[in-house]
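Heads up, the next two complexes both have chain A, just with different partners, chain B and then chain C.
This part shows the complex of A and B:
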């Protein structure tokens, strides 16, 4: 019984988009059952979304403790027990802070090989791809031992639907030993609904945004796009945006699929933090702005004119399905 | 009377022996502390002749102190007057112990001449003290520590001087001064005092009592002062002269090279006060809290927690508090400098831009940066404690040898359309243009490099670049404290340079210039290094560049880069260049040349967030806007970025250009 599984972090807002990439990466062509593990979540509610991507068994993992949801040690122990119970030979999760924490614990409990922050995995032949030297080289590693446990870098694998029919099951971990750690509070940075590092689309406002209120315009566009909202250092320095939104050398390093830079000059310190974006679109009224030399597409124009039009078009499309 | 003199003699001898004994013990402890500390990076006193000359200019000439006119004058008055009083006080002590011995009688003319000068100089001390008090009570500059210590010292010196004059006034009375040595012939101020107080009208007995009282106050104050000095900020009276004598003779200085492969090394950098070198300890002793460094410090003036004088004082307090453990050689027990509750915090260390204004202005040549930079080194290498945003920069430097993480194989791409040869293809080139990271990867910097290359071509210079073989020079990593990473890059560069042995190296970036010129010799790479401004000026002088007839820019200000100016003394060259290529003389910013204000990017600050206080580049932009300049020239890619950002924040249209760009525009 060589089954595989993915760890799904589902919060109040449902399953994060990036998890479907994880599921896609974990899929394989032959043998065994494809599990998805949810910790203390409503497994049946997640079923429809998960089976679209090929999950065959959705398992809600719980334990006897009332505060199971805030006990990482107990969660890890329950997950490790489930991995054993269902004969999982490969477990993949998202390389989010929580995912990296839980998977490391599970690997330690099972004395299993662990690779974090993979660019891709092949649970079939037990290999993973990792980035080295800031992405200049990639290494393919073969893991020995069973089960192999990996976390996937957010957005590194494109989600591809592969409909299946899933059943829902629950796994009750008998222990109530909560361990010594309790998550008292999770403070969300005010960067918006989406964590910048995980966002597959980012729209950023530079100094030209002129005022913090004007970010509302970008937030509206971001909502239509499913994007995160960022800021350049100049905008943060000018007090238009909090540091948690800063993309760049001394802020967040991001590599989304699409990066829309509005009113960003393209100073090196900003570019250093987003240069690995797959497609860069620049909107700037200064045709000589250095950002145009770095972008895939450039729109010469006032962001205050261009962005609302873009938002409008995106909304219209969405309405039309 | 006879019995009083006998008792006085005994009391005086006891007091002198006691005071000198305590002074000796306390001073010996301080010297022992210098011997016990474990840092091994102190200077080796060489070129004694030059050092003696420094004593004449800086100590007797007071050249450093006088850079602040009125406080300097006040200091000189106190300094010379206080010294002048001492021989006479010594004579009085001798006379107290041996009433029959009158030194003055041995050479009355000589002693009289001395007394004439001392009498006048002593009076001038009072003027100096008056100004010192006025500064502390009325002007009250924020940088001046204004504690009890300072006021007590002013009071003590005042007592010594006033009693000096009073004693001399009494000595003019034959009943007290005797009939041998004629005091009246030599004293002017004291004589005026004698006349003012009408001492002659006193009865001999009353005169004797007041004289003896004054005498005891004078001697006991001096002896008390002697005992007080080693524990007070006036320790500088003992430590300043040796510290000046031992100062680095060459102004450009390399950072301390840490031997990372040393067998048995337990710690790197400055983690505890016991890691100081003996010269570092002397630096702490020499500080008198004049506050000039704090006044010049860009971090202190923009509301950061760093003040160079506070770091020195805090380290000194820490050293003295932990002196028992150090003297007892129980170094394990010495607590780290940066610890819970310590005034020296991470924010203090990381606020420094290494602009070196503190060292430049320090009247007693304290090497503040040795302490700050070595502390950073310890924090990074031993504690892995540094601003988190530096992590990416370190990683990028490690992987791609540039702070931004661009592929190192694209380092030469800026020159793609300019037909610039690589040194590997043209090893016989007259000049190696070492471009640096900003000049290679930053769009703004690339334009400067392209201008530089065009200028070289116009002048027909046979030059080449390293291209992909170039590495980061190591400045950022080294000044942030990552000595390991810095040495790695420096060694790689040094190996490449030694392989080609270029005849001359040109740099546009002052950070590259400083490191290549002053620090690479530590790693066995000694080459002639010139900065772009020096080299271009030479090209003009040789007539190899011709000015274009186009209109020259007007009202151009020059912003001094710390690593060109203060670190390497190049102030005049860029200004001379501007005079050639611009219309009219360059505009001087309010703070310029040796007092130039840092842009805020040095010491790796370019790659850190500036969250505390006003941003330094905003402070500098105030200068630019106040000067009325239409354009600012600089000679450093980091300065240019900081100034441009600062000006953009103000919505200012003042342009910022590198001198190489201006030369490119001005020549045909």
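This part shows the complex of A and C:
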């Protein structure tokens, strides 16, 4: 019997929209009890949201140590112990920076097979689909061993509710060994809390943005779109945007419903980071820009003219409801 | 201070990948040092310079052709290299980690091990963790800043939403580098020439006596990702184009 578990890695901050896609993907493979492991969070408070998506058992995972929240090694050890305790055969989590870090720690501890950043998973037959060579090829991998551990690229599976009734349990890891790593401080970005990799809409400015102040124009449009703001490598290299905003090969890999690229030429390395987006819109004044060859819709025009009109039209339509 | 840097030889990020035989690819394309590993090499060299008595050793698990990328890493300032020779580009990351561990342990006691947070070919995102586990060391990945003070390291790592986490860890440890850690320099001609003379020790993987365990991942199919078609170019005045676009996104695509 396959007992599948989903990891909610940021228990203290609450469940994110992107978690429901992960839960949906995991649920399809669940033959036995469908678990959710909430790390360092309030399992009772999460129950209603989780059972809407089919979770049958919500387990709050903690350890005796007071500084559990800042001890990644202890968190991983507690999670690995819970996985063993509940006989989990497949563990799926969100491919967020935190999710990937924890799952890799758990896989290393359990010497279990792991595939990160999956685009789809089938834990029944142990196969997953993921990008290889920065999206130029797609690989189907088989995981051999137990438990199978995977992280899913945010937004790659559409969330579908499937109501169930869940019970709540807590799992307290007895060890007091805190590990060797301690988180001293968390520096939040001024750019806002919305993580680019998890945004369902993204608007990106390329080198043509010309100055860091000009991102304000994109931020205004992003507000009307409910979007995150990204940058191309060329814009980051030119010093117009921080690396944390970079989409592409050596930046973030994103998979939003809608990706709007403004003044981005469309290098293969940029596509590596956003080619699995559902709809790609290119706005560029150069009609020969490679990006027009691989997008859904194109507007040939100056972004400084197009974007403010886009913002205005979006605001107007939103007001009309 | 003895610093090991694990480097992978990977196809260039812009190279065309041609799938061969359903699970492999034509290895005739241009290869480079895995970009994330390049940050690791640069950081190791700077760290060695800073502490004075430092040795930087590049360790690679790969085919014999990987020596070319190792030379590029040596040109950045590493002193010597160890190549664990395999017959395949793709190795399960469990096996890779074990091979790296054995090769490093045979050579000496590391004070710190640096590598990239992931490779750009198989995108496994786990070798630093497995390597650390087999060596019994702590690991911190997605690292954008590293400060070593005696036997202690203060590290900044990238987290969600463009934020950073400051973590403290004792040496020895494994570090997974990402973009932002440094800007690798372009090697000068003398550095490139010197690199040609530096030692690369070859160890066939069979000599390491690895005993691969039961759990792993294997590629069952590799296929070219279908290319997206050309954009539908919207016509009219700027305002007309934008109005059309918004209607398409809201009504046809339903993404807004």
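Following the convention adopted for this analysis, the second predicted complex is superposed on the first by the 201 of 321 C-alpha atoms of A that agree within 3 Å, B and C clash if a C-alpha of one lies under 4 Å from a C-alpha of the other, contacts with A are read in each partner's own complex, and residues count from 1 in each chain.
Everything that follows uses one rule, which is that contacts are C-beta pairs under 8 Å (C-beta built on N, C-alpha and C of every residue); 3 or more make two chains touch, one makes a residue touch a chain.
Keep in mind it's a predicted model, so treat the numbers as computed, not measured.
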Point to revise | Partner chain in contact with A:234 - chain B first, chain C second, else both or neither | key: first
Check your understanding: Should A:202 be classified as contacting the first partner (chain B), the second (chain C), both, or neither?
Key -> neither
Check your understanding: Between chain B (first) and chain C (second), which, if any, makes contact with A:264: first, second, both or neither?
Key -> neither
Review point. Which holds for A:293: it touches chain B only (first), chain C only (second), both, or neither?
Key: both
Review point. Does chain B (first) or chain C (second) touch A:97, or do both, or does neither?
Key: second
Check your understanding: Which partner, chain B or chain C, touches the larger number of chain A residues?
Key -> C
Check your understanding: When the two structures are overlaid on chain A, which partner does A:243 contact: first (chain B), second (chain C), both, or neither?
Key -> both
Review point. When the two structures are overlaid on chain A, which partner does A:272 contact: first (chain B), second (chain C), both, or neither?
Key: both
Practice item. Using the superposition on chain A described above, determine whether A:43 touches chain B (first), chain C (second), both, or neither. Key: neither
Practice item. Jot down the residues of chain A that show up as touching in both complexes, chain B in one and chain C in the other. Key: 133-134, 136, 243, 249-251, 267-269, 272, 275, 293
Exercise for review: Please name which positions on chain B make contact with chain A in the complex.
Suggested key: 389, 392-393, 395-396, 399-400, 403-407, 438, 441-445, 607-609, 611, 615, 641, 645, 648-649
Study note, to complete from the structure: Given the complex, residues on chain A that touch chain B span 133-134, 136, 207, 234, 237-238, 243, 249-251, 253, 266-269, 271-272, 275, 290, 293
Revision key, fill the gap. Seen from chain C, its contact residues with chain A in the complex are 11, 13-14, 16-17, 19, 25, 35-36, 93-94, 118, 120-126, 128-130, 132-133, 138-142, 144, 154, 156, 158-170, 173, 178-180, 213-225, 227-234, 238-239, 241-243, 245-246, 248-250, 253, 255-256
Revision key, fill the gap. Seen from chain A, its contact residues with chain C in the complex are 72-73, 96-98, 100-101, 104-105, 107-109, 111-117, 127, 130-146, 179-189, 191-198, 201, 225, 242-246, 249-251, 257-258, 267-269, 272, 275, 278-282, 291-301, 305-306, 309-310, 313-314, 317
